[in-house]
């Protein structure tokens, strides 16, 4: 048995909340608004890190970092992720597999047409949620994300994320739909 | 459409948490530790109220209050409640129906052998949680409940509750297992 | 108390599954794959119905039907819906309110620039899921939706839906991100 | 990353259900009625196995089996379990820790007064659910359990269980309240 997970859980001596119930052990599986903010902050930081590692260490370093990001921040460990990246289209629109997601971020996979979204030299990340829903261990967000490249050009995308808190206490992206703003022209 | 529910929901302008996302509307279906404490406090208060109403207004007043408690604090509105009352036994051990629960609290139903647990003149209520689990809209608690009657006699029971937060934002008991402490004699 | 909900719930005499437990009453809050399919089928049917009602009864009939669809198939009754319609952009990209959604489908609201997406004479609807996730009362889908107008022209969109089964047993859309396929040109 | 979990998940090619969506990958975290039945069957089988191992291999073999049962069938891996065993009382009524549960089943721990409930030579197990609730990855059951010892004596208990399906796809007991039937005498 992996009892080491125990310490990673939200085991709280809820002495302040339960005045009549000192020392009650609490186990809480729910995702919180603070978890959502942390995950949204982390996503942008990770994207910029891959870009930075690409500059400093080339494609190998960028790919290693991208793998770390996918391992830790995306839910491919439990099954298919619902991922529609901004610039994906055609037969490779949906990246439900780890391989498809990695290809999107750093390219280099002949099965996917990507040049590597994370290699575009991103330097700044901002987001603005239009709405957030929290439902058990799952949180859904929708809003705008603004990415700035090394030339100062800002790309704004419409972004939907689903974040799920796993039994290991880690929050991972299980849904990610990103699209360029609609233009009538 | 019942849009009046809207105001009852936890619609929060999450301006403090989402520094990058001013004005995000948040909808949170999860039950919280504070919800659990409020529900546990309310249960004892309701039991004492039925006893008090019995003294002041007889069985009719007590029954009316018990109905209110069951309507508001138990989940019979959505289906069967898993209810094993302290003193129930035999063929009527489990009170999965509203009628069975009402009979347990105030008696008067020939289909059940109850004299009315809530008519015993309870004056004081305390609880001590041994543990709490929170899982989405459902919270589980286990611990001791101490009830004092009008003669000062204290009855201690082993108590398990399941509380569920409904779409109306109200927290209701969906599971309730109460038993007298085991005695080797 | 609204006990009429009782009959609408999935109360099942689980006599076949529980061989040792005849007559166990079962209450199941979970959404199923069959619920998802029914909701996805219903969405397209509703869109075509609004178009059809527009042809036969003008904007008034179309608007009345659109209101019914929003009341029954979208989750605005409980709070903000995360809705990014295909052709919405700028300051009105996200339609988290009922008014914003209605405007998108049938227009006629000076606060929104929409001409009415459901008035485009849609005649056929198909979808192809790339993936489905089921998590408690919430289901997430991602895939392609193909809509055919009265001239036979097909519009293909990238579509993400979140469906939530409420306490009333009804499945409603709580998340809807729709976008035109990315084009490199 | 533990990608080996992938194959253990309920990854289903939902080709039959989604006629319009061939090849959609489905990930379903929900617990089912069939999961509940399997877990209830397994609990009794495990108890009888410990008794059998005690007869054939003494306390060491029984303890080894009890550890396996607790590791696989109880949720101590993620945090405190809400466990009130049938014959526990006083300061050790609630066994929220692994050590407390192990002591209850096989004794031998000076911190707990138990002689070992699973060492009583159980030979037969039956259960009869009064009700079942399913809520996401959590299922709650309440009903009677009948245990027969080697002398043919039947012990009937009032039993409440909470079963949770983890990210590893395994169903574990996270709540267990067992009590002897109330007797007016």
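Worth pointing out:
The first chain written gets the first letter, and so on, giving A, B, C and D; residue counts start at 1 in each chain.
To be clear about the criterion, a contact is a pair of C-beta atoms (placed from the backbone, for glycine too) under 8 Å apart; a residue touches a chain by one contact, two chains touch by 3 or more.
Chain-to-protein mapping (UniProt): A, B, C, D = Phosphoribosyl-AMP cyclohydrolase.
These figures come from a predicted structure and were not determined experimentally.
Shared contact partners of subunit A and subunit B, listed by label: C, D. With centres taken as mean Cα positions, subunit D sits 35 Å from subunit A.
Per-chain Cα centroids separate subunit B from subunit D by 26 Å.
Centre-to-centre spacing of subunit C and subunit D amounts to 39 Å, using the average Cα coordinate of each chain. Taken residue by residue, subunit D touches two or more other chains at 25, 27, 79-80, 96, 130-131, 133, 135-137, 141, 143, whereas all remaining positions touch fewer.
In terms of inter-chain touching, the protein chains here all touch one another pairwise.
Contact residues on subunit C toward subunit B in their complex (touch as defined above): 1-3, 5-6, 9, 11, 25, 27, 70-71, 76-80, 96, 98, 136, 166-168. Residues of subunit D touching subunit C in their complex: 14, 17-18, 20-22, 24-30, 33-34, 37, 40, 126-137, 141, 143.
Those residues of subunit D that touch subunit B in the shared complex are 79-84, 86-90, 93-94, 96, 130-131, 133, 135-138, 140-144, 158, 160, 162, 164, 174-175, 177, 179-184.
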